[in-house]
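The same chain A turns up in both complexes below, where it pairs with chain B and then with chain C.
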Partner chain A sequence: MLILLMLGAAFTTSVAHARDTGLIFVSNEKSHDISVLDPDSLEVIKTIPTSRRPRDMNFNRERNKIYVACGDDDVIDVIDIATLRVEKHIATGPSPEAFELGPDGKQLWVSNESNATVGFIDLATGEMAYELATGPEPEGVTLSPDGKTLYVTSEIADMVHVVDVASRTIIANVLIGTRPRRTVVSPDGSELWATAELSGEVYIIRREDNQIDEAISFLPPGMRIADVTPVGIATSPDGRTMAVTLGNANHVAMVDIASRKIEDYILVGSRPWEAAYSRDGKRLFVANGMSDDLTVIDAQSGRVIRSVAVGQIPYGILIDD
Partner chain B sequence: MELRGVIPVWLCTLLMSVGALPVLAADAATRTDIAGSHPPALRVCADPNNLPFSNRQEEGFENRLVELISEALDRKLEYTWWPQRRGFLRNTLYAGKCDLVAGMPSSHEMVLTTRAYYRSSYIFLQRRGSEPRVQSFDDQGLREMKVGVHLIGDDGMNSPPAHALGRRGIINNVVGFSVYGDYSKANPPARLVEAVADGRVDVAVVWGPLGGYFADRQQVPLTVTPVSPLVDIPALSYVFSISMAVRLDDHELKAELDDVLFSHKSEIRAILDEFNVPTL
Partner chain C sequence: MSKQLHRRRLHEQIQRNLLHLLTALVLLVAPGAFADSAERITIGYLDLAEDPRYAERSAYARIQLRSQSRPLPGAKVAVDEANQVGQFLGLSFELEHFRGRDLDDVLAKLSSWADDGEVRFVLLDLPAELTAELAAKSRNKESLLFNISAPQNSLRGSDCQPQLMHTHPSYAMLTDALVQYLVSRNWRELYALQGELAADAEWTSALRHSAKRFGAELVAVRPFRLGNDPRQRERNNIALLTAGESYDVVIVADTEGEFGRYVPYQTKAPRPVAGTTGLVPQAWSWVWERHGAPQLNERFFALAKREMHSADWAAWVAVKAIAQAAVRTRSTEFAKLAAFLHSEELNLDGGKGPALSFRAWDNQLRQPILLATHDAVIARAPVDGFLHPRNTLDSLGADAGESDCDMKR
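Our next item is the complex of A and B:
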């Protein structure tokens, strides 16, 4: 246990955290707001109204602002963590969904679903510097830790586009399962893990040659395969576990990264979407889109600590710790 | 943006049926829910003249798949035959004549789709040994050859390969074949494959399962090469996952089908292989 905690600490030292309020932010795509939870009481202490349909969220580099993509108003709202208010809007292409900030925090890449592009926005000017065309319905956007490679999923073409950031070109298309959603780079940097919602799988892609190494299928006990629709994926801070939300199957799968074995299925709320760990790795939070609540899980035991009502159709989770 | 409209359109007869929005017929009452001993029949709508997918003699791979499913679910199989063209869904699934269509693109929005049971792409089809061998829409050779493609052509929508060629300015050397064809002949879309075999075109761009199956049944050997690129940027895909389809609200049947598709993967794989379906 102690060793795990120390490993966790070692993993996080490179990341700047300026404020450490511990606050938990949950974007609610239907009530157009963000629920702010106190980390100790686990109660909603404030609700921040946003532009319409807030979904993916990220911190700025200084970690004193939150960016949230608001799909129905074609903007990214910028929220000041000190005041918990929206302070400005950055225009994007139509229906922004997922986005990622560059390593120096001066630019971001955002998927614009209805345009079939990924836009590159210079944050100094707030202008769209260029757009890169993608396959139909781009969704998940992940930047490699070195900032050199961008991974974009195309829901309709069953693909992960591998983009060379410097040359702004797609250098590979990796066909995975049906309706690819989210991607995450493995803790050692060697793999890309990608969820495929309709085929109920997670694909593991070798980053060195962009080939599929393995596909993991899920079926929680007592559930039907039709309901297994993985979307969210989160790496535990100790680098050992991937938590995968299983959508209509109402469970989160805990996958051991080294062995790629499913170690546990945890029953959560209805249609879990995204998941996030606390920085100390002790708690796992899951946003349940159809039950309008947040499940708080003790990550060590896999036991559910509490369910907290949030806004309507909760989507993403960001923790200021 | 004008290209958005073509994305859901894939060739091979199925999808042309979907141009007109189906009216959601209130057909729950027509479903044969016989109370008591035996389960209701598995009611399938299929094209009676469209190999390798289906025909009235039940020789297609979709026939074989629904047969497998009806056995697994212990439900009697009942067909309603209807040509897969404009109005197909409206006149079949959404008219309450059946509950299942065996092959639709997985991302189709007018129906509830099951897990994908195969994924294929458009392919280049040529006579074996004919030069130059086409590997990509970007090959220079494609500009000099007679290229056959299917055209849909009754509402301005076109097949993905027709768009692929058009985008590259390959127009004057393209020969269009109506995907509807002469329905009094067997399997009308196969005329395009026959045109490759008898030399009327040098190369055809064909939906994989159709090309794979008929390529193997011509007098001369044909080569099958998946198209490249598999997606054209922006937003045009030549690769499609294929699912079974039920009405949008029929979650129960979808779940039953998903169970069977998941538990019978290897049998399904074997059927597809038997029909030379090129998969990705």
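Our next item is the complex of A and C:
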């Protein structure tokens, strides 16, 4: 009891202001947990056990909770940042992979990999309000900043489905490269950037007419095109750079958004998956799925600062800053 | 859901009004899933009623030694997937399965499909000799055949045909994958035990070629025979069979499997066992956990109520290739689709990592090979460090300059 009280006290002091703790959260899909890193020491200070196969993570609107999709238990776990514990589970469809919370934080959209749908969950009731059929193995889910359009990729259909949120209908299907993964809306809101893992490209889709504007191919020095498997994509806070993880090529590509030119390739760990910038834009974090570590990069110089061991098969990164 | 509702309504309508019967029936047989789809591709599937490869083996105590299940569910899973993609493009796919009695029977079916122009893409689950004969006799037909289960090298070599594609890996690819791995471990001295079947001999011959290719040494090949006869003990006793030489690994070439399963733990020296038992090179494994494999294995299990094996994968990936051709060319025209399938534009996601396409010189699908035990994938070939001037996947199996295939002959 005393120990519990002491632990409680320790947490209340460390999380007196739950927001902006700077903590770095890494979901580990094979060890079923989340590694929590201190932003200064870059050491793992806690490991939070979750439901099985945690992957995509998002903050709630107040940024005091973390939602994490746990594919093998068909739930989204809700973690309280103050206690760093799972406090509840939201039932989803089978095998949730990626999701996005609505702008008011009252609903979420989740891709259910096994039954090829994107589902809309009302968080007040926890009920699935409706589902839309997608191509097989839906993956990345991105809501436009105005909350009006939802983009869902299908790994097997090689498509980005464009969903009109108000009418709950798919209004366009953009056929891109092989095995589409993640999407992100460009900082000016005019484009959707989408990674295509098996064709080694990033597609830039114009949001106004849902047409492909350009495809960027990557090839780090000494690599072969077959090794280039882009998955994660992150926008720098200054809106100038897109960081793209290149999977089996073990590099991250830095793309200048305005010119669409590749400015740098940075060597990271084995099979980098997702990437995330710190809010000040100074650091870029990359989760390396096949070397069970996190690469910390100085974003200005492109130099690797450190590699930190995390759990097994790290997948996503979320930073509370 | 809407489909069921639709049908129920139609059913009530029939009961209410006989005059509407004809219309209702027409609606019922119309393509169900995509009422508004304009284009449809029907994929044929040919197999044999009495295929010796699926005959129940007379193994003692009726123990099933290997997968004796036909790969048809692999094709079905892929057709379901293709339809989920096609629904957004006005494209639908259908599988037409014909199980024949003999060569003439399947040849007649293939010819009628081609002559009607209805079914031009056809999966073949046939023994090697039949596959070769069928392909030779249908060479002038406008169809594209996919060999999904015969690994014999000759089908990709001297018996190759321009319209015969292979999604199942060849013996050469399988043994190359195994030897790459063994060499990467520096287990270079191989000791082979070979069964009495022609397929066993072909396996060993592929192994010999792979050993030479990657710098391993085949120390000896010993024929084995099943039995307990003490006068035959040099051939049926595993300890005696594996004595007298120094080696790193015992390789078993026993495509039937009755002998091979007793080899591990009975060898004279404590050495690992690989080949057709132990560490086995294969196109697919039910425990493969990367590159979307768990999702595919789940979908397969849900449909087939069993685990997914190599030929199932080969059937699945053949249908997937045809579907990608239709989606990417936005066409159902045979010539366009066939040209796409033969080209390097094909960029197929086979759930094994790199994108796949067919080799121009022998129509073999280039692909990684999994090296798996009964419950784990130990490695995936091409193994790191084995390189190739163009595509690392071409370090497995007959390369451009090595192939015996002459498409124009």
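In the analysis below, the second predicted complex is superposed on the first by the 303 of 321 C-alpha atoms of A that agree within 3 Å, B and C clash if a C-alpha of one lies under 4 Å from a C-alpha of the other, contacts with A are read in each partner's own complex, and residues count from 1 in each chain.
Here, contacts are C-beta pairs under 8 Å (C-beta built on N, C-alpha and C of every residue); 3 or more make two chains touch, one makes a residue touch a chain.
The model shown is predicted, which means the values in this text are computed figures rather than measured ones.
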Combined model on chain A where chain B meets chain C, clash or fit | clash
With the two structures laid over each other on chain A, which partner does A:Glu113 touch: chain B (first), chain C (second), both, or neither?
-> second
Touching A:Glu155, do we find chain B (first), chain C (second), both, or neither?
-> both
Looking at the overlay, what does A:Ile171 touch: chain B (first), chain C (second), both, or neither?
-> neither
Please work out whether A:Ser95 is in contact with chain B alone, chain C alone, both, or neither, and reply first, second, both or neither.
-> second
Is A:Ser199 in contact with chain B, with chain C, with both, or with neither (first, second, both, neither)?
-> both
Among 2-10, 38-46 or 56-64, chain B is struck only by the chain C stretch 38-46
Which chain A residues contact chain B in one complex and chain C in the other?
-> 114, 116, 133, 135-136, 154-159, 170, 173, 175, 177-179, 198-199, 224, 226
Given the complex, residues on chain B that touch chain A span 1, 4, 7, 106-107, 113-116, 119, 229-231, 233-237, 239, 241, 251, 254-255, 257-259, 262, 280
Interface with chain C, chain A side, in the complex: residues 95, 113-114, 116, 133, 135-137, 154-159, 161, 170, 173, 175, 177-179, 198-199, 224, 226, 248
Could you pull out which chain A residues touch chain B in their complex?
-> 114-117, 133-136, 154-159, 170, 173, 175, 177-179, 198-200, 224-227
Sites on chain C touched by chain A in the complex = 81, 84-85, 87-89, 292, 295, 298-299, 324, 327-328, 347-349, 353-355, 391-393
